[in-house]
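In what follows, subunit A forms one complex with subunit B and a second complex with subunit C.
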Partner chain A sequence: MTAGLAHYLDVATRFQASPEQASAPQWLRHLRAEALAHFERQGLPTTRDEAWKYSRLAPITEGAFQPVVRDARDAAHLASVVERLSLPGPRLVFVDGRLAPELSSVAGLPRGVTLKPLRDAVREDGALLESLVGQRALAKEHAFTALNAALLEEGALLRLAPSALSEVPVQLLFLTRGEGPVLSSPRILVDAGESSEATLVETYASAGPAGAGSGATFTNAVTEVTLGDNASLHHYKLQAEADAALHIGALHARQGRDSRFASHAFAFGGAMARNEVHAAFAGEGGDATLNGLYVGQGAQHLDNRTALDHAVPRCTSRELYKGVLDGQSRGTFHGLIRVRQDAQRTDSRQQNRNLLLSETAQADARPQLEIFADDVKCAHGAAVGRLDAQALFYLRSRGVPRAEAERLLTYAFAREVVEAVPAGPVRTNIEALLALKLPGAALREVKA
Partner chain B sequence: MALLSVRNLHARVAGKDILKGIDLEVAPGEVHAIMGPNGSGKSTLASVLAGRDGYEVTQGEVLFDGKPLLELSPEDRAAAGVFLAFQYPVEIPGVGNIHFLRTALNAQRRVKGLEELDAMDFLQLAKEKSKLVQLDAAFMNRSVNEGFSGGEKKRNEVFQMAVLEPRLAILDETDSGLDIDALRTVAGGVNALRSPERGMVLITHYQRLLDYIVPDKVHVMAAGRIVRSGGRELALELEEKGYGWLGLEGGKAASAAGARR
Partner chain C sequence: MSTDTLQELTRRPYAAGFVTQVESDTFPPGLDEDVIRQLSAKKEEPEFLLDWRLKAFRHWKTMREPTWQAVTYAPIDYQAIRYYSAPKQKPVKASLDEVDPEILRTYEKLGIPLHEQKLLQNVAVDAVFDSVSVATTFKDKLAKAGVIFCSFSEAVREHPELVKKYLGTVVPFSDNYFAALNSAVFSDGSFVYIPKGVRCPMELSTYFRINAAETGQFERTLIVAEEGSYVSYLEGCTAPQRDTNQLHAAVVELVALDNATIKYSTVQNWYPGDAEGRGGIYNFVTKRGIAHRAAKISWTQVETGSAITWKYPSVILKGDDSVGEFYSVALTNNMQQADTGTKMVHIGKNSRSTIVSKGISAGRGQNTYRGLVKVLKSAENARNYTQCDSLLLGDKCGAHTVPYIEVKNASAQVEHEASTSKIGEDQLFYCRQRGISQEDAVSMIVNGFCRQVFKELPMEFAVEAQKLLGVSLEGSVG
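On to the complex of A and B.
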């Protein structure tokens, strides 16, 4: 057994044996224990595992990350960070993986929409939770999902009654302070009833004490989404943690008949950040949009994986992932589209495009199509390129200095993904985060 | 003093000699037309003057306003007042036309120590200048040249020239591929920008342009050299007699000069 595995087993075992957790509901204790067994059986993946080939996991397996008890220092600073990152509307804020009630507010939730911390949901909605947790994200198939489940405590439940509509975005804001090797294991559950519609934003950011450099943290997040028939979820993941942060995230969605799921994943931060989005069609007529933008600099590793399971006929999926990679950063996209034998009339398109800004940046594009039905439309494309020399010369010939011209073209490349986000506070928020990442880039234009 | 002095300019592209000793003097206020068959080196001359990558100057020099031009970066040439209207304007998806132009103008203004124009002031200026070539507002909000017709692209070049107010404008086959209405519009814009301080070099394949923009001087290029210079009557003679009259078959000159781009 590796030292890394032993450490995380020890962390989870101690957590499960703690007096506080002894009083947890039986189903939850059972789920955690089972997940721990799955975790132990699988062990931590290494780059020798095909599915983890591009994820630089050493800092996670070597680091002694563990959950912490949150303290209340730096309240004013945290409040200012929340102010900067939050959207108008209900939100739950977590600091170092722990709910921060004083920074959270669920006021203004429309009728039929429930947003509550997972702790409360465990107490109040046990039966529902039992039917949701671990149903989409399978601990037996994914070591980090198992670790998340073994430590399951914090997170959120978003529940939409049939036909409920939340026009304001619901936000979950996860802040890490970077003052110690903190492990955060949020679990987010979305249960969207028939014909309901909502926007959920998961924001991951660092909030070290003002002026302090941020140390390594490890966020291991799992989101499970169940969409009822004709339901619609717009999901945004904005990952803008500090350079030293490690992040593994997996979202699993199951889509009912005629449902719409749009995932927009923005990966800007972290030394190593892996984001997985899995969508499975369980009813005909479903529609999935999986978009992503990853912007890497320095030595960042940004690993993106998507998996679409066209299990039933007449579903549509669209994927656009774009990478902007500078310095010695590395970005990967692995997109699996599985069209099962019965999934006739599937219409699926996947595109991955990468822009390399330096000689040493690297992009790996790995589309993977497994098509077992014959009456389908499936298209995919992958490209890795550099800034267009003709365009660069054109801009410079008008007087735009080289560096500025490069930024303009870089932003022009990235904006396609940003502009797939409907105009509004979420997009403004994304633009602000991108502006921090690509300084000097033009984000707004005045209309004539 | 000449605004532009090209002296014995030799240049090569991908190991091939294209320009073989060009001499050209353009004074402020003058409009020069450079004509010649395909492959004669006209566009290479434009590219070398604007600073495009991939062109190696092997001999000679270029002075702009008495100062060496060739050692400047493309953006520094632009700030000094050199403007190239592209033969094939580049489409840049995702970069807004108006934003691009404001960025360019402000970059040039910074170099000159002038205050940058804010968005509103710039918009006012752009609207005024756009009338010159009849570009409407919707057009300015689109991405640079993306999805523009040939005529729209060329009008956009002249519009940019109107906003940037260069001291030397080089128009590289701005008339090629234009219907007469578009040609009139483009020529009208160019004529409106003629001024005693500004020099212009019109590079063209077709004499028709010179019916709409009347040059002060006409040069004929063939096989990398200016083989004849004269007044406007030279262009008329060319129209009448063709390039063959100069003892240089277009096709022959083209093969001698190799591929232009």
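On to the complex of A and C.
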């Protein structure tokens, strides 16, 4: 057994044995214990595991990350961070993996929409939770999902009654202060009833004390989404943690008949950040859009994985993942489209494009198709390259300085993914984060 | 198309499935160091080769059979295989007249032009029957040009220095499980050496056939093209129809020195097994070439046979301005499985590679394209274009695409495109409306789908490949 595995096993065992957790409901204790067994059995993945071939997990497996008890220091600073990152509308804020009620507000939730911290849901909606947790994200198939389940405590439940409509986005804001090797394991559950519609934004950011450099933290998030027939969910994941942060996130969605799911994943931060999006069609006529933008600099490693399971006929899916990689950063994309034998009339398209801005940046692409049905339309494409010399020449011949021309073209490349986000506060928020990452983003003023 | 026609046509027998009655000199089944020593002694091999075989065998014993490929098969009992089988006859042949007429008839049945007067007048053929090379035609003409084209055993005897210099330099014996096994027990194969600046005056061809039961065919091909030379090489393969599976684990090594060009074409039609998946060849092959400065290696393959095909003809683009190409048509029908593709490893500056892969799945066949394009840091301005298309004929088959793209140099340009589709009703309707039968229409569309690859084949073989595809596929369109 590796030291890393032993450490996390120890952390989870101590957590489960603590007096507070020992009195948790029986189903939850059982779920955690089972997940821990799955975690121990699987061990921590290495680059020898095909699914983790391009992932540098050493900092996670070697780090001594563990959950912490939150203290209430630095309230004013945190409030200003929340102010900067929050969207208008209801939100729950978590600091170092712990709910921060004083920063959260669920006012203004429309009728039929419930948003509550997972702790409250465990107390109040036990039966419902039991039917949701671990149903989409299977601990037996994923070591980090198992670890998250073994430490299941914090997170949120978003529930939409049939036909409920939430026009304002619901936001979950996860802040890490980076003052110690903190492990956060949030679990987010979305249960969207028939014909309901909502927008959920998960924002991950660092909130170190003003001026101080941020130390390594480890966020291991799992989101489980269940969409009823004809339900619609726009999901945004904005990951802009500090450069030292480690992040593993997995979203699993199950889509009912004629449901629509759009995932927009933006990865800007983290030394090593992996984001997984898995969508499975359970009813005909479903539609899924999986978009992503990863912008890496320095020694960042941004790892993206998507999996679409076309298990039933007549579903459509569209995927666009783009990477902008500078410095010595490395971007990875692994996208799987599986079309099962009965899934006739599937229409699926996947695109991955990577822009390398420096001589030392790297990109790996693994678009993958597994097709067992014949009446399907499936296509995927992947490309790696640098800025188009002709386009650069065009701009320079018109008097645009080289550096500015490069910024402009880079921004234009990234912008395609941002433009897929409907105009509104979420897009403004994304643009602000992108502007911090890509200086060229400031040029949008010129454009406007 | 109606189910009736479908069934009727998929029952079409394997045309090359007969057994030839020749007495053969065969080892009992089993594998240990003694078998290898015996094999080596039988072939009168020099010391270095026996050592190499034994090293490979010892390494092989420490390895485990790979399981990552998307194919399934019952475990192979390596002790139940005969590692040497040769037709019994006079040891040395002065001319074709001395070859067992029974064997010659086999090749005739297969349409292989062993006689010099025959159809493919400009093709020199090295025929490998089970494990030893039977006859090689056109020797003299080639010898005049300085080209060495002979069986591997002969090369070991006549040109040990060349064999020693290049053997295992592209595919070391430790490369993978089946390459290690082959290195230990390979019995024959072809050897080609093209001297500096020579353009080989004709296309070279080897024909492989597995005849005896329970034998494995472990041939080894080594092609060395010296500076500025050119060679086009073709191999074809068939095997008799048997209920048991037979293993074929070959290794092909290509060395293209500066400015040389090697074009390697394969038409593989090993026995695929019957409609229920009984019998058939396990075709587990390691093929790799190394391209030095401004050299070019081009692989073209038409894979219609074998129960399981598992191979990745690759190019190491070591030199600056080197070029690698891979053109493939892989067809799986009935219970066939194919996991094939290529690896292009860009090391040299301005190295370029092109991959065009066409997969056709019918019946319950499973067809996987698995490929790697790797651009190392040194490969300034490397360029790759990959296109993988799959055609699905029937609702029980599968088509999979598993490309890996790893780019470590920003000046590289790498593109990958893949699509999966079936034959459109509108395409069929268009043809039918113009009086073309359903069969012909399908064949036409499929051939059109593969055209990009077929046009890379030498003329005569392109015609052959088209026919082969027609036979393997006819009627399997639902």
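Basically, the second predicted complex is superposed on the first by the 441 of 448 C-alpha atoms of A that agree within 3 Å, B and C clash if a C-alpha of one lies under 4 Å from a C-alpha of the other, contacts with A are read in each partner's own complex, and residues count from 1 in each chain.
Definition applied: contacts are C-beta pairs under 8 Å (C-beta built on N, C-alpha and C of every residue); 3 or more make two chains touch, one makes a residue touch a chain.
What you are looking at is a predicted structure, and each value in this text was computed from that prediction instead of being measured.
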{"item": "First (subunit B), second (subunit C), both or neither touched by A:391", "value": "first"}
{"item": "First, second, both or neither for A:51, with subunit B first and subunit C second", "value": "neither"}
{"item": "First, second, both or neither for A:6, with subunit B first and subunit C second", "value": "neither"}
{"item": "Partner chain in contact with A:409 - subunit B first, subunit C second, else both or neither", "value": "first"}
{"item": "Contacts of A:365 with subunit B and subunit C, given as first, second, both or neither", "value": "second"}
{"item": "Which partner reaches more residues of subunit A (counting touched residues only), subunit B or subunit C", "value": "C"}
{"item": "Partner chain(s) touched by A:400 [first = subunit B, second = subunit C, both, neither]", "value": "first"}
{"item": "Which superposed partner A:432 touches (first subunit B, second subunit C, both, neither)", "value": "neither"}
{"item": "Residues of subunit A that lie at the interface with subunit B and also at the interface with subunit C", "value": "none"}
{"item": "Complex contact set, residues of subunit B against subunit A", "value": "50-53, 73-75, 77-79, 83-84, 86, 89-90, 92-96, 98-101, 103-105, 107-108, 111, 119-120, 122-123, 126-127, 137-138, 140-141, 143-144, 160, 164"}
{"item": "Residue ranges of subunit A touching subunit C (in the complex, touch as defined)", "value": "50, 54, 341, 344, 354, 356-386"}
{"item": "In the complex with subunit B, residue positions of subunit A that touch it", "value": "388-391, 393-402, 404-405, 408-409, 411-413, 415-416, 442, 445-448"}
{"item": "Subunit C residues touching subunit A - in the complex, by the definition given at the top", "value": "68, 375, 390, 392-422, 478"}
